[in-house]
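Naming follows writing order (A, B and C), and every chain is counted from residue 1.
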Amino acid sequence: MLQPYASPLERAWYVGLRVLVGLILLFLILPILVIIPLSFNADSFLMYPMSGFSLRWYEDFFTSPAWRRSLANSLIISPLATLLAMVLGTMAAIGLVRARFPGKALLTAILISPMVVPVVIVAVALYMAFAPFGLTGTYTGLVLAHAVLGVPFVVTTVTATLQGFDFNLVRAAGSLGAGPLTTFFRVTLPQVAPGVISGGLFAFAISFDEVVVTLFLASPEQATLPRQMFSGIRENISPTIAAAATILVLMSTLMLLTLEWLRRRNERLRGVSPG
Amino acid sequence: MNARLSRTLLRSALAASLACLGLGGIAHADVTVISFGGANQAAQDKAFYQPYTASTGSRVIAGEYNGELARVSAMVQAGNVTWDVVEMESPELVRGCDEGLFEKLDYSRIGKTEDFLPEAVTPCGIGIFVWSTAIAYDADRLKEAPRGWTDFWDVNKIPGKRGLRKGAKYTLEFALLADGVPPEKVYETLATPAGVSRAFAKLDELKPHIVWWEAGAQPPQLLAAGDLVMSSAYNGRIAAARKEGRNLRIVWNGSIYDLDYWAIPVGTRQRDEAYRFIAFASRPEGQRVMAEEIAYGPTHKDAVGGMPAELAADLPTAPANLQGAFATDTEFWVEYGEDLEQRFNAWALR
Amino acid sequence: MTALCETADAPIAPRALKRRLRHAERRRNLLFAALIGPLAFFVLASFIVPIASLLGKSIDNPEVHGNLPQTLALLEDWSGDALPDDATFASLAHELTQAAGTPAVANIAKRLNREQPGTRTLVMRTARGLPLPEGTPAREGLIQLDARWGETQTWHLLRNAGGAFTGFYLLSAVDRTVDADGNIVASPPEEAVYLDVLKRTFVMSIVVTAVCLLLGFPLAYLMATLPARHANLLMILVLLPFWTSVLVRVAAWIVLLQNEGLINQLLMWTGVTEAPVQMLFNRFGVYVAMVHILLPFMVLPLYSVMKGIPPAYLRAAVSLGCPPLRSFWRVYFPLTLPGIGAGALLVFILCMGYYITPALLGGPNDQMISYFIAFYTNQTVNWGMASALSVVLLAATLVLYGFYVRYLGTPNTDAR
């Protein structure tokens, strides 16, 4: 808070900083605020001023075969890829945190490398590698590719959560007669669940927003929502894109709120913030 | 990397994931048809895809691209072809045919060859329609019509950005026309190194004012949004935009026409379906609907005849529109296309 | 290990204890292997192996080598001074006839054309003329199809391009080529584009990183100094665009920046300009959208570092008589350097690999190296070049990432 005895310079600094940050935040949020109203435009131009209110672009989104198929594809591919990444990633993170062996750092680096390699390189590499096995233009190929991209996020978040996990609890459970599976589901999992879920959310968001790998691997049959938006922006800018964008913004808000909720719950439970 | 090892690894990964996901290998009779998107695809949907689904019960999965033969070539060479039918322009069709990328068509499965325009019947592709690339402008913004490519190049007379299709094909022809080469001499000139240099030199003049487009849907949008003052454009897209109430016009002088063809990439999983679709789409009924939806001329003789005069006047083949227009020299582009495209790409980058 | 001893019912002989320990150790290791193994296998099979085999393609040279093996074998014994013997001609005619009408012939033609422009037509025209009429000797027949088969230079070209591996693509990626004497020299100017592209990639990444830093610093600073409730609100305003699809944001920037878009309407309404300003399909539009997309990656690490700087430091400096601006610069700013380093490297690395935004919002002069990798894969089927450029991009990325890990630890994704 600004003190009443602040000098004019301090006052100017105080106000100036707030105005500047306000402008930066406007820059960040403006595009999202601008695109949403256009999805309700009665006119067929993706342009202001709006001529009237209409739901026709939502109707178009939900009735046009291409948009509907892309939504369905996204809702098939992303959850499957997320599930695969979550299961494999969580298992590996638990192993990595507890095991000690030479080359562990290297192995960890390899497991999270898909996060670092530029996505175009991933796309081209997978395109060439998957084609001989008939995996391009298939759902399986896309799920595998999206899972690979999501895995590092699961591994890193679960690992971070496990750093604060007391493995004596596992030993205690064991000494009290619980089998390894019981221990995992009754003791370990409830503790690491927030990490697993936020890792999964990251993996989901990565897959749900993925377009470059999809451009290379998918045939029109598997076109996902971002892929459809990509061709929409290239081929045919219509307010249907704004409708799709609004739906995506809704989804991302939902994910953001879930994460925020998880974070707060975690803070409450532990009295610290993770990571 | 050891190819056998990678193959084994990937194969087991595939087997494992197939087992987990229960996906893949689902047999169906859908046919994937790739066309130039936008209004052209929308017209094809009405004229071909929907009626095809209604009559056969199998779905058409529509996709779009911008005419790159390499997309087919990459698929064939990577070893997994996911396109069943593709719309090709003539030089790329012939080149792909030479390179073994397309099926040699069995016309007994499509129709009687004598029913079609002679240009439409080729070993690897059957003509869909006649289309044209011409100058387009928004008459609400530009009061005085440009008269040809000389005006297109004249940034003092008509200031503003111009759109051209990103690629050597047509761009080089237009540059020579703007430089005063008569239409009948264009390809003769381009076949010489001096002619090519002349075309690039002329392009250098206009380069700062050019916006390159790739998808056919872009010119009408960019014109209507005021981002461009003039643009080369596919005539059908301009006619389609006019139907939506935009006052876009075409300058036929100096336009170049060509045919688009249906072709079947070698190695498609749905060869029979592909034939079935092409046979269906080559019937005069569908072609007539296509011409009504977008102003491209049909290739089936029965569809050409009996066209309402108003509709026929918009087609590239209308006698008035052929004034000052000429046909793409397919052989020229088959021979020189790849070298010129390569040079164009290097030029466009700098 | 004390737990183990305590649970033992009776005293154990040292040998038996060792055995049991070893046994337990082995079981633990097996368990860990079973936990890590599936992911390790998955990442290996569907990521590491594909990437490695892509990089391998940068020196792979299969086009001539794989399709004209017999001719190449015969050319090995060729002196190179005069034309090859009849057997070599016959072998070439035979092997080209087999390749004609398949993608193989186009590959041979394209490969040779990269060495010597104009050779594509030689191969394609010859292939169209094959097979030779019955009874025509191969030498005369080939030379009749194209006179260039009668020049020794053509055969040298064939032999040079026929190796199983080549440094051609990697050299091209840094604008170098091998001349007739085998020396590495600069590529001819009309082909020397890649160093420019690389420079452009770096310049664009630097600009985006710098702008992100300029905008991100005050934002993170205010967030770190505000009370938690307000800071949380700001954080949500930063995170919402961060979680919003990149495609949505690109579409939104088109709405804002197009000639009749909101920004231009505003500029013209306020009288700043008469005519609309071109902001799309040029560098400006790409910068705006990239900064928008990457800004949160700068803000988040900055914020987490600034949050950890006790405000007392700054107050102490001021109370000791140092003027506020100077204290800020001398005391606070140096403490934020780890955050600046982390944010800047992260933004820079992400920026270098960007593809979608320049592809949708930029012109041909605004494309970065990623565009060319995609271009050579999909639009010209020059996989050697795509791989070589991938090698360059990946090397640059890994070097920067190495810096990151060395000085700043692994990226903290939890902050996202």
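Everything below uses one rule, namely that a residue touches a chain if its C-beta (ideal position, glycine included) is under 8 Å from a C-beta of that chain, and two chains touch if they have at least 3 such contacts.
Chains and their UniProt names: A, C = ABC transporter permease; B = ABC transporter substrate-binding protein.
No experiment lies behind these values; they were computed from the predicted model shown.
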Distance-to-centre winner among chains (Cα means, whole assembly as reference): C
B-C compared against A-C, more contacting pairs: A-C
Taking each chain's C-alpha mean as its centre, the one farthest from chain C (ABC transporter permease): B
Whole-Å separation of chain centres (CA-atom averages), chain A (ABC transporter permease) against chain B: 37
Rounded Å distance, chain B centre to chain C (ABC transporter permease) centre (Cα mean): 31
Interchain centroid distance [CA atoms averaged], chain A (ABC transporter permease)/chain C (ABC transporter permease), Å: 22
Overlap residues in chain B, where contacts from two or more other chains coincide: 6, 10, 13, 225
Sites on chain A (ABC transporter permease) at which at least two other chains make contact: 47, 127-130, 144, 234, 237
Multi-chain contact sites of chain C (ABC transporter permease), meaning residues that touch two or more partners: 42, 44, 46, 49-50, 53, 258, 260, 377-378
Chain A (ABC transporter permease) to chain B touching residues, read off their complex: 44-45, 47, 66, 80, 84, 127-140, 143-144, 219-221, 223, 231, 234-237
Residues of chain B touching chain A (ABC transporter permease) in the complex: 6-7, 10-11, 13-14, 17-18, 20-21, 23-24, 30, 32, 34, 37-39, 41, 61-64, 75, 78-80, 82-83, 214-215, 217-218, 221, 224-225, 244
Interfacial residue positions of chain B with respect to chain C (ABC transporter permease) in the complex: 1, 3, 5-6, 9-10, 12-13, 68, 70-71, 73-74, 76-77, 98-101, 161, 166, 211-212, 225-227, 335-336, 338-339, 341-343, 345-346, 348-350
Residue ranges of chain C (ABC transporter permease) in contact with chain A (ABC transporter permease) within the complex: 3, 7, 28-29, 31-36, 38-40, 42-44, 46-51, 53-54, 57, 215, 218-219, 221-222, 234, 236-241, 243-256, 258, 260-262, 265, 292, 295-296, 324, 349, 352-353, 355-356, 360, 370, 373-374, 377-378, 383, 386, 390, 393-394, 397-398, 401, 410-416
Parts of chain C (ABC transporter permease) lying in touch with chain B, wherever the complex brings them together: 41-42, 44-46, 49-50, 52-53, 56, 101-107, 110, 113, 117-118, 120-121, 124, 127-128, 190-191, 193, 196-197, 258-260, 276, 278, 280-281, 363-365, 367, 375, 377-381
